[in-house]
Amino acid sequence: MNVTVSRKAHFNAAHRLYRPDWDANQNEQVFGKCSNPYFHGHNYELIVSVTGPIDPQTGYVMDMKVLKDLIKEHVEDAFDHKNLNEQVPEFKNLNPTAENIVVVIHQKLKPHLTSDQALEVTLYETPRNFVSFKG
Amino acid sequence: MNVTVSRKAHFNAAHRLYRPDWDANQNEQVFGKCSNPYFHGHNYELIVSVTGPIDPQTGYVMDMKVLKDLIKEHVEDAFDHKNLNEQVPEFKNLNPTAENIVVVIHQKLKPHLTSDQALEVTLYETPRNFVSFKG
Amino acid sequence: MNVTVSRKAHFNAAHRLYRPDWDANQNEQVFGKCSNPYFHGHNYELIVSVTGPIDPQTGYVMDMKVLKDLIKEHVEDAFDHKNLNEQVPEFKNLNPTAENIVVVIHQKLKPHLTSDQALEVTLYETPRNFVSFKG
Amino acid sequence: MNVTVSRKAHFNAAHRLYRPDWDANQNEQVFGKCSNPYFHGHNYELIVSVTGPIDPQTGYVMDMKVLKDLIKEHVEDAFDHKNLNEQVPEFKNLNPTAENIVVVIHQKLKPHLTSDQALEVTLYETPRNFVSFKG
Amino acid sequence: MNVTVSRKAHFNAAHRLYRPDWDANQNEQVFGKCSNPYFHGHNYELIVSVTGPIDPQTGYVMDMKVLKDLIKEHVEDAFDHKNLNEQVPEFKNLNPTAENIVVVIHQKLKPHLTSDQALEVTLYETPRNFVSFKG
Amino acid sequence: MNVTVSRKAHFNAAHRLYRPDWDANQNEQVFGKCSNPYFHGHNYELIVSVTGPIDPQTGYVMDMKVLKDLIKEHVEDAFDHKNLNEQVPEFKNLNPTAENIVVVIHQKLKPHLTSDQALEVTLYETPRNFVSFKG
């Protein structure tokens, strides 16, 4: 009897979309104003969802305080008020599109769950654009 | 050709998390301030989703008025402005975590759907914490 | 490694629920005030979700600008500030319930995606009632 | 010591913007697609705010149940699932712009408040456009 | 040149509406199900707004981190996961209606602002009912 | 008989808080992680509110299409996907705090209104922090 528990969190960051192996023209053509070399930024809203059995002792799939702390340690402390391109190692060689960010967050959180817990991560880049990844 | 129809509803309730077979210390250690013996409470926001074929006569999966009334009769009237631990029979011997509440709501609504309709229930305990159950 | 990208959009429209082969009484009995012959209307909020592999060149499942333009051309321009029953050909002989509208939107958008992209469409008829369709 | 209490409500309606003393061309030029002769519609979200002293007996400015019932009787029952131009007497000779609707709602509710209670009405025509009126 | 800065916060609490000098009948008649002797509860959403001149050194009306900490110390730590009637001294002899709660919060925060800063407090008891107080 | 009409808009931007006449230490001490020299960013949500008389010809305080276009020309085109410190002239010598941004937006829009229209601008820097300015 699997239940999904979800926790919302958020972080603010600057980024730009570009590939260092493309020239400015090509970056501009593919990524438009998202490729602005001076960066722009977002309030990223994050939903982390863990699906698994209910622990009969506690009635929890997972203590939400533990989930909140995992998100804080592995996502918020690493990304909040940062420049993703310049200051977050995972994006040194990876274009920080919403799609790539959500995959990176999934990879950072997955090892901290048990083997019978499935993980889905949803990331709002703006209130109108969002992505999700189930692994 | 299955479509999912969803209806939002809400109820306000008091609860506390604790197990009567644990002493105060253990309840406090596991459930923290959620175990406050004087209770605390929430505005529970509920989303009930029914997936099934579209009735070719009406163009409905299910009349939303019927779904609204089902939720009112079986959930809102039973839980709203109540103390879940003290006044709702399902939680007499079941810790009213969000996970257990969502399973109870699913069990109360499922018998009122047809056999070709699947049910998912989502429950927001706070704007940042929510759970869902598909049965 | 499939990721889902979603884009929100919206349109305002008038409609009524009724079947021309039923008399006024039967329409009123089944569809209630939604069958008002003078029409009523909604702000329809739309979420279009595309699931597919990340393009390793761009880091995109799909350029959100392209998705936004597809929605504008095939949904917003066709439905916005229109009377669905009277002015939208798809509903000439189809009752414009939320269920039927979401299926029509799915059918209009699906041909514009690639074969390895799955489509889900979610439509809020009101903030409390919404439907979704995966095809 | 004045406190403001506010209650949200909503109704769905069809309308069009036009003046019968203007020809179709002029209506189209001024009101654009809002003048569509087949009507379009909205989910109107309403906030009714009453400012006044706290009753020392109850701790209420006004019983929210009473305010909810006033809104239901004078606004929701009169406007919900209606065509404002065709079926609501106040707009027989008044263009149902959001501005005119909010003034009409204010005029309908004001007589039911006491003389030491001030009224403000806010009306969302869409999630992005809203109006308010203090009388 | 006064600007208003606002910060959202929240707390969960149990309460009941009643007057100890009224009997159960009168409490039930006036406060309805809000007077349930076993309590019910809410997710209170709080908006604290401070209006004052911009400090030319910092460009701040007030450091939002300071405002956040004031709210945490004086409101969240005092009210969150508490039973307002039983565990919060201000409501020992004051009916915890939303109106009275918003006045109490205003009184707790006001002394921590400077004399040229005005304070408004808004409190959502549910997503549909809210109150505000300017002092 | 004055009515207020409001329009929501948004832009994404990068910024940092700092004063060039302070050293890195002092900037860090006052502005904390908001002073990150690599910048961070936000989805700024904007509400522009115009209060004035209803034009008896149109029933409008102001054509919302005109207001939408004013915001696009003077705010969105100037700020969206930009680095406020580096690419927006108004912040060359002005710290781009939310307070200063909202004053700048007010100054840019005010000249385009008539003398009997009052302007209020509200700016959400995050879903929890927002500012407003009436001039």
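Which chain is which? They are A, B, C, D, E and F, in the order written, and residues in each are numbered from 1.
Methods note: a contact is a pair of C-beta atoms (placed from the backbone, for glycine too) under 8 Å apart; a residue touches a chain by one contact, two chains touch by 3 or more.
Predicted model only: the values in this text are computed from it and were never measured.
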Co-neighbours of chain F and chain A - touch as defined: none
For chain A and chain E, chains touching each: B, F
Degree value of the rotation bringing chain D onto chain F, based on Cα positions, nearest 5: 120
Gap in Å, rounded to a whole number, between the CA centres of chain F and chain E: 29
Euclidean distance of C-alpha centroids - chain B vs chain F, Å: 41
Touching two or more other chains - residues of chain E: 127
Interchain pairs in contact, sorted by label: A-B, A-C, A-F, B-C, B-E, C-D, D-E, D-F, E-F
Residues of chain A that touch chain F when the two form their complex: 10, 12-15, 33-34, 36, 38-43, 45, 80-83, 86-87, 126-127
Residues on chain E engaged by chain D in the complex (per definition of touch): 17, 19, 30-32, 94-100, 102-103, 127-134
Of all residues in chain F, those that touch chain D in their complex: 1-9, 54, 57-61, 64-65
